[in-house]
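A, B, C and D label the chains in the order they appear, each numbered from 1.
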Amino acid sequence: MASKLIAIVAGVGPGTGAAVARKFAATYPVVLLARNPDSFESLAKEINSGGGKAVGISTDISDSNSVKSAVETIKKEFGSDVGAAAAIFNASGGFFRKPFLEVPEDVFSKSLKVSAEGGFIFSQATLPLLLKGVEQKSAHPPSLIFTGATASVKSNALMATFATGKWALRALSQSLAREFGPQGVHVSHAIIDGVIDIPRTKEWLKELGPEGKLSADGIANDYWWLHTQPRTNFTWEIDLRPAVEKW
Amino acid sequence: MASKLIAIVAGVGPGTGAAVARKFAATYPVVLLARNPDSFESLAKEINSGGGKAVGISTDISDSNSVKSAVETIKKEFGSDVGAAAAIFNASGGFFRKPFLEVPEDVFSKSLKVSAEGGFIFSQATLPLLLKGVEQKSAHPPSLIFTGATASVKSNALMATFATGKWALRALSQSLAREFGPQGVHVSHAIIDGVIDIPRTKEWLKELGPEGKLSADGIANDYWWLHTQPRTNFTWEIDLRPAVEKW
Amino acid sequence: MASKLIAIVAGVGPGTGAAVARKFAATYPVVLLARNPDSFESLAKEINSGGGKAVGISTDISDSNSVKSAVETIKKEFGSDVGAAAAIFNASGGFFRKPFLEVPEDVFSKSLKVSAEGGFIFSQATLPLLLKGVEQKSAHPPSLIFTGATASVKSNALMATFATGKWALRALSQSLAREFGPQGVHVSHAIIDGVIDIPRTKEWLKELGPEGKLSADGIANDYWWLHTQPRTNFTWEIDLRPAVEKW
Amino acid sequence: MASKLIAIVAGVGPGTGAAVARKFAATYPVVLLARNPDSFESLAKEINSGGGKAVGISTDISDSNSVKSAVETIKKEFGSDVGAAAAIFNASGGFFRKPFLEVPEDVFSKSLKVSAEGGFIFSQATLPLLLKGVEQKSAHPPSLIFTGATASVKSNALMATFATGKWALRALSQSLAREFGPQGVHVSHAIIDGVIDIPRTKEWLKELGPEGKLSADGIANDYWWLHTQPRTNFTWEIDLRPAVEKW
């Protein structure tokens, strides 16, 4: 296969991940990573039947062997010198709200493993492809984008489990921005400060009206905007929230 | 005159201000505010002769009477119920780097007067127009955008004069974002973290190569992007820097 | 008079200022600055009759001539080469909570003038005395301490007036810490995050119980602690709040 | 044994940990935790022979079974209803500075395991003892103090490994401060922003002079100060650096 640049999305679910994949699929072949094939199968079908190209790979982002194997699959599919135009880390330890002394160690540990170690593993796997994207003169500087949350900058009572992983991920993204920016890779972190409007949250925050939740497509547009910034004007961090959100 | 929405840019100079004005002039009639007509005359001519509409008004942004008089001029020109789609505050106390005990009080005072009080005066003058923009159902949520700097978040030795005004302006923008977001006005703050590539800085930072400085047009694009975010996905703050910048 | 080091407290009222003055008066002659002599007269009497030394000087901290004249009075009283061991800026623009479009310009302006310009004027007046304190080998590194608030780091809706001045003051303190630390002056900023327990606030927050408000004496103890830190271990910033405070 | 309150120090080495243990040993029996008995044996001897009481327990802070077993030893030694007046987490993943793509996964993982998961395990093990300290009306509010670093708030290029764990630990401490403050436990985080003066760093930063490094005893004094703050005046975070440090 030719060396057309690809986009890789980790943490494809019904919300941000899928919207981002659709957005980037308009320009690049996309690789969809999720543990459970249910998370990407219908999306891959939708993209492929709509004239785009999507490959779903069942992957545990917190397991480096699983991620290495995903990279092998990518190379088989797109060529061994394939470069990436974008890699988006949208995985996350589960939201978990409990009195601290009732948090099971394995829940804390697992959350950290997905958010922090998963971020590390994904970055180590995709940065070589993104650097190849730089060599191959991608139209836009190759992007590594991390999805953060309110809990990335504020660690509330009962939220230690989720926040710890999210602060760790933000630290990772800042260090990578400083190291890889000069090498031409654009590393960004998005603070999603609010509830995203997906089927599961349909009944939430109705008191805020029809614009009380973040649009997943809106987030995807913003990630695309980050992706298209030129080397002279890189943004590391944006925050995103509904106009009506209290913050 | 009809109630076509306008954009107002304060602090039009050879860099960001002019680039932002050009960008927004592609969609809106623009009002250019600067103390010295030299700062906007050729730009207004350029926009008007290119098919756009620009009105320059000589204004001291730190003087509320001068700003009130500018608003009168705007209403005469565009109608008394004119609404605004965007207001961009790009004025700033001068960059001033001196040992603290050598800073003349009037220099400190003037810097604060432009950055902090100027921001206040401009916001009080333009928010009523932006709220009219909301009523008049502007295509994009009306935007109030403030230009910040590295010194908006870091107050280095010898930089007290400039940083004090810039932190004050950032505080203003955060409070306004929280108050006016729910009313439909999108308030943003951009941290410009680096040197902007304008004639005056031509010889600076050459060691960083051709992409070592921020592009003013790039900043304008980013302001436009902020402007086009929908109500469900507002960004308060972005940072912007060249990929090669140390930070 | 001999060159005994003094402490200077600006913004002496019934709360923090008075408590700090009492605390520092146990070791140093104290100078009490406030606009209204009512604010310091009984306190000066109390300190003087208790074996300490206190001099009250009616001063408008936002007026450099008034502050210069206070320094003249200090030199007459304590000698022209008097040094300072501590200077504490506890003045503040008034707390003001209003919809932004209803804030009179002079209220905003006055708040900024006290918090930001007052901080500047006080620092320029006292830093030469603090540097003399360094020369005269004060037992503890001479301290310049600024009183901040929740609004120094968070700028809420309706709080633009107060927060703008407080962010500006924090910026000032950070720049001064960086410039004057290497010269031996310890510059600190305290974020007072809660209501202080003074007669005026007696009826507030009763639902939080007897420990729901900050103790002014506790704040004074913390300022003294900051003052006694050695050159190897300077703190720029502390936050202070009641254990029960939500934050 | 009687229910005298104890202090527990995790991460006892030649620097901060030992100094903190000595300081708190003047008032409380101290428990010294470190993986290698070499780290605490001579210190325990020194404290015990000086009239204090110290118990060293070889413990892997990142292993919950090891920590549980340490708690069993503590209860055998001090009684099953022993309360704690202080618990200090001074352990840390090793400082590691490398290009990101050269960081072995197990190094990153181990660092996170000590800094973040170790903090979690230590907090879950000691908070019940600290809450007993509250019940048993300790003279000062029981304290849980975490040692942070420059890398707790700034994540530089090449520092992803260390910073990720440190940001995670800071998040943990902030959430715990908010949850346990109202329950009477004082949770703090200290940003140690500089090099600590210990034998290993003797030759470092000589150009900064004799006060260019942090004093470990100074840090211990500051931790003690945090410990003695009353419930009305809790500090969550302090920063500490030599006066001459650039920051």
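By our rule, a contact is a pair of C-beta atoms (placed from the backbone, for glycine too) under 8 Å apart; a residue touches a chain by one contact, two chains touch by 3 or more.
Please read all numbers here as calculations on a predicted model, not as lab measurements.
*Asks:* Between chain C and chain D, which partner chains are common?
*Replies:* Expected: no chain.
*Asks:* Could you work out how many touching-chain steps separate chain B from chain D at minimum?
*Replies:* The distance in steps between these two chains is 2.
*Asks:* Computing the C-alpha centre of each chain, which chain sits at the greatest distance from chain B?
*Replies:* Ranked by distance of C-alpha centres from chain B, the top chain is D.
*Asks:* Could you work out how far the Cα centre of chain A sits from that of chain B, in whole Å?
*Replies:* Averaging C-alpha atoms per chain gives centres 32 Å apart.
*Asks:* I'd like the Å distance between the centres of chain A and chain C, where a centre is the mean of that chain's Cα atoms.
*Replies:* Computed value for the inter-centroid distance: 46 Å.
*Asks:* Roughly how far is chain B from chain C, centre to centre by C-alpha average, rounded to an integer in Å?
*Replies:* So the centroids are 34 Å from each other.
*Asks:* Return the residues of chain D touching two or more other chains; collapse runs of consecutive numbers into ranges.
*Replies:* Residues 178 of chain D touch two or more partner chains.
*Asks:* Write out all the pairs of touching chains, ordered by chain label.
*Replies:* A-B, A-D, B-C, C-D
*Asks:* Note which residues of chain D are touching chain A in the complex, please.
*Replies:* So the residues of chain D in touch with chain A come to 64, 99-101, 103, 105, 108-109, 112, 116-117, 120-121, 123-124, 127-128, 154-160, 163-172, 174-176, 178-180.
*Asks:* Which positions of chain C touch chain D when the two form their complex?
*Replies:* 141, 178, 181-182, 184, 186, 197, 211, 213-215, 218-219, 221-222, 225, 229-247
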